[in-house]
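Please go over the structures that come below.
You will see chain A twice below: alongside chain B first, and alongside chain C after that.
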Partner chain A sequence: MDLVREVLDSRVLDRAGQPIGRVDGIVLRLRDGEPPVVTDLALGGLTAVNRLRRPFRGVVAWIVTRWGLRAGRAYRIPWSRVHDVGIDVTVGVDERETPAHAWERRIGRSIVRRLGG
Partner chain B sequence: MEVRLERLVGRRVVDRDGRGIGHIEEVRAEEVGGELRVVEYLTGTLGARRRLMLATLPLHAAGVLGIPLAGSGYRIPWRELDLTDPDRPRTRCRREELPRDGG
Partner chain C sequence: MKKLLEIALGVVTSIGGYLDAGTIATAAAAGALFGFDLLWVIPLGTLCAICLVEMSGRLSAVSRHTLRDAMRERLGFDFFVLTLVLGLVVDVSVLAAELGGMAIAAELLTGIAFRWWALPAAVLTWLILWKGTFGVIEKGVALLGLVTVSFLAAAWTLHPPVGALARGLVPSLGAGDRFRYWFLAVAILGSLISPYLFYFYSSGAVEEKWDESYLGVNRIVATLGMAFGGIIAMAVLVVAAMVFHPNGIRVERYEQATLLLTAPFGRAGFYLFAASLGIACLGAALELALAVGYDFAQGFGWRWGQNRRPRDAARFALVYTGALAVAAIPIALGVDPLGVTVLSMAFTALVLPFVVLPFLALMNDRGYLREHTNHRLANAVVLAVVVLAFVLAVVSIPLQILGGG
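Right, the complex of A and B next:
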């Protein structure tokens, strides 16, 4: 498997086939005398921003966190929960468990409140 | 120790003598016993060609298209890449000891 071509930046689907984000990062664990292993996929947070080179990384990170576009830690999915790697990466999580869903609920409540509902 | 793969991509690699051997373009892994283990790192245009699915393109066709031909990338086995400093990866061997682009 070619991790950059086949996994990095791929769209991630939950067990129901719903998109929950993109693979912004891949976590490797280094081990003495043994090959590194893939432990997690990282979605969201500042993962994508941290791929930029300095000084752009710091500037963009400040902008996106200042305006609340992205915040906090990336959402990690253990490699053991990856079911399939194809055009998309399918994982064994429910979309409702993910920060993407939490963000949508928050936005939805905010909109409903403003509408007086 | 954790290393983020996306931070390795594009990093310049040097050999044990400090000579450049390209930038990490691809990381190949295989599933063994439920683990996804890194097998090798590809540098130079070898990795880029694989990402563009051009690795099996006949060499003469690649030449016509202006794509660099064999010999411009290295395959670094996992045990030969020292990631003690992930921002400055270096091999434990000399570049002459590394397999070159074989397609």
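Right, the complex of A and C next:
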């Protein structure tokens, strides 16, 4: 499997097919004398920010750390919970467990519902 | 039968949804200054738009992924952020131009200065997005946009000389103020080959749950819809050439442009122009606001969709709300909408290469398109459009400085 082409930046869907983010990073465990193994997918937080070019990284990182729900910590999904890697990555996770849902709920309650949405 | 109805509706709504503030302003300015000489630019831009729109729709119908999805997945995070930022600047500036067009239409009808209509225009656009479905937006507003066919009727009524029309369809280097000539050529192309058009169309294909069985529908809608829309854009230029050019009138304000339809139709033409401008700009504003929301939501993997309630795609809804609020500001402050329009078209030309170049990679990706990738001719067309886009990007700012005044 070509991790960069087939996994990195792919859309992640929960077990019900709802989008919960994108694979912003892939966590590997290095082993002496053997190929590394994938342990987790990393979504959100500073993972994607750290892939930006230097001038922009600082400002965006500050925003994410200051205003993000998890203060910049990425949400990790163990590789063992990945069900399928195709045009999307499907994982055995319920969207309601994820920061994506927490964000939607927070913005939905604080702003959108007050505007009648 | 259902597919036939979809084709008919798709073509009709493409006609009604193709014209916007940018096309009206640039085509009218071109016709006023240069007569029929810049007519050739519109079929060129329309052909480019047809090809790219068809490809956007094909990508989405086969892969069930949008153009923005594919750009992030295949071209990486850096490129995504670059195009997101550039696209945001361009889309919000064009959105400001469209809100300005709506405000001018309201000023024409009420006599109240356009700056007081900026906020109501933004709120009206927002309300339609907040409460309406994709079908209401795409079909309902675009059907209203058929009022722009009045430009076609005006062109017919004025009996333009066929010989001059034919000469105008042949590319020329321009006479007189060459910098202004080429600036307007670039601005017209920027108004026709608009990035938001491709993102919106590809997102719409996913919203409407198109699949491979819709490839034929996609081809027909993209071709006929854009072609008929291009004909209406040509009609605007022809009418301007007949009404303004012989009298040496330059179109420097939207209010002057009302002559386009009052000359052939009298008082009724005034109301037709206001309705055409207002509705065309409303349709474009809806597409632009959604395109900004799509860019963020699809790029970051959020929930999105005009068919979802705002609370079910809160971040997506918040982004397009914010875009409308920001876009209304310059118009509310009294910045000339026509100036914003022409400038935003030049900016569009500047970022076009970043939008068009990905098509070369994505439309040949079997992971997305399977056996429906581009054949050689299609790739040759994309390459030609990429070259054109780079040329436009290089010359747009110098021409804006030298010929945009």
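Everything below uses one rule, namely that the second predicted complex is superposed on the first by the 101 of 117 C-alpha atoms of A that agree within 3 Å, B and C clash if a C-alpha of one lies under 4 Å from a C-alpha of the other, contacts with A are read in each partner's own complex, and residues count from 1 in each chain.
We take it that contacts are C-beta pairs under 8 Å (C-beta built on N, C-alpha and C of every residue); 3 or more make two chains touch, one makes a residue touch a chain.
Predicted, not measured: the structure shown is a model, and the values here were computed from it.
J.: Once the structures are superposed on A, label A:11 by its partner contacts, choosing first (chain B), second (chain C), both or neither.
T.: second
J.: Of the two partner chains, chain B (first) and chain C (second), which one does A:83 touch, if any: first, second, both, or neither?
T.: neither
J.: Quick one: is A:37 in contact with chain B, with chain C, with both, or with neither? Answer first, second, both or neither.
T.: Only chain B; A:37 stays clear of chain C.
J.: With the two structures laid over each other on chain A, which partner does A:29 touch: chain B (first), chain C (second), both, or neither?
T.: First partner only.
J.: Of the two partner chains, chain B (first) and chain C (second), which one does A:21 touch, if any: first, second, both, or neither?
T.: In the superposition, A:21 touches chain C alone.
J.: Considering only the touch criterion stated at the top, classify A:1 as touching first (chain B), second (chain C), both, or neither.
T.: A:1: touches chain B, not chain C.
J.: Pick out the shared contact residues on chain A: the ones touching chain B in one complex and chain C in the other.
T.: 5, 24, 51
J.: Could you list, by residue number, the parts of chain C that touch chain A in their complex?
T.: Of all residues in chain C, those touching chain A are 63-65, 69, 72-74, 76-78, 80-81, 130, 300-304, 309-315, 317-318, 321, 367-368.
J.: List the residues on chain B that touch chain A in their complex, please.
T.: 1-7, 9, 25-31, 34-39, 47, 50-51, 53, 78-79, 83
J.: Using the touch definition up top, name the residues of chain A that touch chain B in the complex.
T.: 1-5, 8, 24-30, 34-39, 42, 47, 50-51, 79-80
J.: Quick one: in the complex, what on chain A touches chain C?
T.: Checking each residue of chain A against chain C gives 5, 9-12, 18-22, 24, 43, 48, 51-53, 56, 87, 100, 103-105, 107-108, 111-113, 115-117.
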